[in-house]
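We call the chains A, B and C, going by the order they appear; numbering starts again at 1 in every chain.
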Amino acid sequence: MLDKQSGDEQIFLKNCWYVAAWDHELLDGKKLERTILEKSLVLFRGESGAYVALNNRCPHRGAPLSMGRIEGDCIRCMYHGMKFDALGNCIQIPGQERIPGSMTVHSYPVEERNHLVWIWMGDPALADPDLIVDYAPLGEPEWRGLPGYLHYKASWLLIVDNLSDFTHLAFVHTNTLGGSEEYAYEAKPSVIERLDNGFRVERWHRNSDAPPYHRRVIPDKDAKVDRRNIANMVIPGMFFMETMFAPAGSNDDSLESTRQYRNCQYMTPETRNTTHFFWNYLHNSNIDDPNIAISLRDSLFEGFYEDKDIIEAQQVLLDTDSEFRLRTLEADVGLTHFRQTLRRKIQEENAASPATVY
Amino acid sequence: MLDKQSGDEQIFLKNCWYVAAWDHELLDGKKLERTILEKSLVLFRGESGAYVALNNRCPHRGAPLSMGRIEGDCIRCMYHGMKFDALGNCIQIPGQERIPGSMTVHSYPVEERNHLVWIWMGDPALADPDLIVDYAPLGEPEWRGLPGYLHYKASWLLIVDNLSDFTHLAFVHTNTLGGSEEYAYEAKPSVIERLDNGFRVERWHRNSDAPPYHRRVIPDKDAKVDRRNIANMVIPGMFFMETMFAPAGSNDDSLESTRQYRNCQYMTPETRNTTHFFWNYLHNSNIDDPNIAISLRDSLFEGFYEDKDIIEAQQVLLDTDSEFRLRTLEADVGLTHFRQTLRRKIQEENAASPATVY
Amino acid sequence: MLDKQSGDEQIFLKNCWYVAAWDHELLDGKKLERTILEKSLVLFRGESGAYVALNNRCPHRGAPLSMGRIEGDCIRCMYHGMKFDALGNCIQIPGQERIPGSMTVHSYPVEERNHLVWIWMGDPALADPDLIVDYAPLGEPEWRGLPGYLHYKASWLLIVDNLSDFTHLAFVHTNTLGGSEEYAYEAKPSVIERLDNGFRVERWHRNSDAPPYHRRVIPDKDAKVDRRNIANMVIPGMFFMETMFAPAGSNDDSLESTRQYRNCQYMTPETRNTTHFFWNYLHNSNIDDPNIAISLRDSLFEGFYEDKDIIEAQQVLLDTDSEFRLRTLEADVGLTHFRQTLRRKIQEENAASPATVY
C-alpha cells in the first residue's frame, strides 16, 4: 500500500517476535480474539499458566475458537464441540471416533517477558526466544508505570514515521508532550545512527520550560531544564526511549538532580492499514506515589490521541491517492533507513521461503 | 464465494420457488422492498388481493418502485408518474402519448400458500405452482404457532450447514433448545438418507432431561424423556422437522402421551452472503392457550440468536481468507450431499439456459 | 459509472469553474476540508482577504493541511511545521535550511463572485475569471434569499436529470413545490432549446392552485394562478430558473401583478457518486420582511429532501446493477442533450491534454 506493494507481495516481516498483548489482557481465563499480520487468532492462558495462540478458525466449518471454551490448556470449539490442544491438534470430536489428520489448527509460538506476551508469526522452527527484544525497565523494581493500548486505523509504518522525527513534538504536542514550537527550530539531533536493525537518535533541547506532562509531576514547575532524548527504533516496529531532564546548564552527563523516564512503544500490524499500539511510560521518582504513574499515563494518552488524529487523517488521505509518494526531509534519515532496512529484510525472508504460509 | 465461485458463475438455483415473505408483511397495502438472489424487488398485494412482485427499478431512470403508489393491482413510480401493471407493462406515461415497448419491468411469478408468499426467480414459463414445497401443518387447525423472521449476515449455505448437524444443539444451545452436552456424544443419527432433493435425518436421544424450551411449556418438568427428531432438508434451502418427546422408556412408535412439534425453516438468499430466514415452530397441545405459542416463539428466537452469533462470526472469518476450505466430519454426510446436489442442479440449470437473465 | 466509464477514463470536465463553497463557509479564519472532483482540498481565506485553495495533502508525509494553521495568507502543516504560501510553495521547514523544489502543493485558482467561491480544477493557465457563470440576482439589492447547502450521496448527473424534467414536481413535490399531479399531464414545455453549453426550457401551467411553498408567502392564497418556469441548465451542472406567478388568465407577458422568483442551483461533484449541492431561492416582494426568505428557504429544503430521498435511492439501485441502462422519455430531450454535450466536451478536453493531472 504505502510502498505500492501488491496484495500478493509480502508486506510483513514474519520471522520475528511481535507484541501480541499485555499479560493483563489474558487474566482470569479471558479468550482474546486479535488479528495480527492479517491473521485472526485466539489467545488465552491455559489453566497450567501456559500461553496459547491458535489460528482462530476451527478447521471444521470455520467457526471462531474465540467463542469456544478453555479446558485445561485446550480449547473446545462451541459449535460442534471439537477440542484442540495447545499445539493445535484436535484431540476430541464428539460423536466420532476417528480424528482425521487434517483436523489441526495452526499454533503460534508465544512467550511472556515482563508482562508482554510475544508471538512469532513466521516459521515456528525459527522461533528462538532469545530473539525477543526484552525491555528490562518493565521488570525492574525501581521503575513504575501503567501499561497502555491504543488501536490505530493506520499503517504501523506511519506510527514509526511519527516517532522517528521529534520535530512533531513541537507542533502536534505543543501543549502536552512538547512544550514549545521553538523545539523544532533550535534543537537538532546530536546523532542519528543507522543500525542493522533500525536506528538510534539523540536530541538535546537546552534551557527550556519543562513540557506540560513533566511539569505536572515535579515540584519546581518553573525552573528551566535541559532535556535529552535518546531513542532506539527497532525492526519490525519497536521504540525505546530514555528521557532525562537536568537543571538547565548543569553538566550533561551527571545524573545528579535529573529526572528520568523510560519509555517503550510497540507497533504490531493488525492489518496493513491498522495497528495495535502498546506502550508504557516509566518513571523512577517517588515511586510510592501511585498518582505519578496515573498522571503520566493520562498525559501520554492525551499526547497519543493527538498523534492518532493526525496519523489516521494521513492514512485516509494516502488511501485516496495511490499515486502519491511520501517525501523526506533531512530529519527523515532515520525513518528512511528504517523503511529500506525493513524492506530488504522482508525481501530476504521472502526469497528464503517464498511459498510458506503460516 | 464459499465454493470459490467467481462473480460470473451462477451461484443460485433459479428455477425453483423461494419464500419471499410472510403474508402479514404485505398487509394493508404495504410495499415491501426486498432483495432476493441479489435482485432488488418490490412486493405488494394489489387491491384485488393478487400478489405482485416486480423488479424494483423503474426502467426510465432507475427510481425505486417501492417508493411508488399502489393503484389497483398496478404501481405508479412516484418520480415521473409512470404506471406499471402487475405483469410489469407500462400502461401510462404522464405527458406522453406513446409508450415505448422497452418500458417494461420484469414481473416475477408469485403464489401464496398457507401464509407464505412464494416467488419464482427463474424462467417464468417454468413456474409451476405444483412445485411449491407446501408445508401442510402451517394450514392445519390443530397446529398453532407464530411466524418468525430473522436477517442473517451470512450465506444461506452456512445456515443449512447449521441445521444439518444436530450436534450443535449440545454446544450452541445447551441452555435453550439443546439441554445437555451429552446429546452430542451419546445420540447418533439413526438414519441419514440421501434424497434427490436434499436429505432426511432421524435422531433419537433417550432418557434425558427435557430441554429448556420444552420444559417451559409442560407441567411435569422433571420427568425424563425420549426425544426424536426427524428432519428433511430440501433444496434450495428449506428445513422441516417433526419433534416428539415421549416419556422415557415408552414404546417409541406410540404417540400416546407424547408431545409433538412441527417446525419449518426457510433460508432464502438475499445475496450470496446474506439471508432471509423465515420460520414457524408449531405445537398441538393446549392450543387454546396463546401463551404456549408465545413461549415457544421466544425460546426459538433465543436459540436462533445463538446460531446467528456463531454463523455470522463464521462468515466474517471465511471472508478474511479465500484460501480456507471447509472440512467435513462423519456427521456431515447430509450437508455434503446437499451441497453437491445443489451444485449439480445449478450446473444443469446453467447448461440448459446459460445466457438468460431474469 | 453511470456511463460505464472505467476508472481510468476521465469522468469530470476540469477546465471550467465549479462552485466550491458559499463565502460564509470561510468566515472567521475557518479552514474548510472539501473534496471536489475526487481531490481533497483545503480552502481558506487568508488574512489579506484572499481566497486560497490547496491540495489538502502536505507533500512531506501526506498529513492534512486542513488540520494546519493559517498564518497570513499561508498555511502551516501542524505535523512537522512546514509552511506553504497561497501558491503552494513551501517557504519554511523548521530545522532545515534548504527547501527542496519538490516540496510544493498544488494551488487551485479561486475567485469569489456574489458570495459564491469558485474553483478551477483543470489547467491553471486556462483559468479565465470571465468564464465564471455569474448569477446577477445574487448580488442585486432587489432580490432576497438565504444560501443553502446539501450533501448528496448520488452522482451530480442524477440531480441534473431531476431538475431537467419538471414532471417530477407533480409526483415528488405534490405537497411542497409542485401543487398537483395534473401538472404532469396538462402542462407541456413550450420550448426545449438545445444550447451549446446546456439547454433552456420554458413551461407554463395555467389556471391552477398556487403550490404550497408559494401559497405560504402570499396574501390571497386561494386565487388561481398561471405559473411560468423558464430554466437554463448549464454545463458542468448549474441550473438557473425564473419563476413567475400571474393571476390566472392575465396577459402572460405583463409583469404587472405577478410574483417573481429567481433560483440558482449548483451541482459540484465531490466524487463520481456524491455531490455538493448549493442553492439560493430569491424573491423580490416585501423584501423587508425577513420571514419570507426564511419561509422560502424552509420550503425549498423540504422539497429538496424529497428529491434527495428518491435520487439517493436511485443511486443505490444503479450501483447494484452495472448492466442497467437509463432510458429516456420524450420529456428527456434536454437531459439527453446535456449528457451528450458534456461527454463530448470531456472527450475534447481529454484529447487536448490526456496526460495532465492537477
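Note that in this section a contact is a pair of C-beta atoms (placed from the backbone, for glycine too) under 8 Å apart; a residue touches a chain by one contact, two chains touch by 3 or more.
Quick caveat, the model's predicted, so the values are computed rather than measured.
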### Query
Would the interface of chain A with chain B count as same or different, where same needs over half of all numbers used to appear in both copies?
different
## Note on the structure
Rotating chain A so its CA atoms sit on chain C gives an angle in degrees, to the nearest 5, of 120
### Query
Where the CA atoms of chain A average out and where those of chain B average out, how many Å apart are those spots?
47
### Task
Note the residues in chain A that touch 2 or more other chains, in rising order.
none
### Message
For a test of understanding, state which residues of chain C touch chain B in their complex under the given definition.
### Response
158, 161, 165, 167-168, 170-172, 181, 184-185, 187-188, 309-310, 313-314, 317-318, 320-321, 323-324, 326-331
### Query
chain A touches which residues of chain C in the complex?
38, 40, 56-57, 59-64, 67, 76-81, 93-96, 98, 100, 102-103, 357
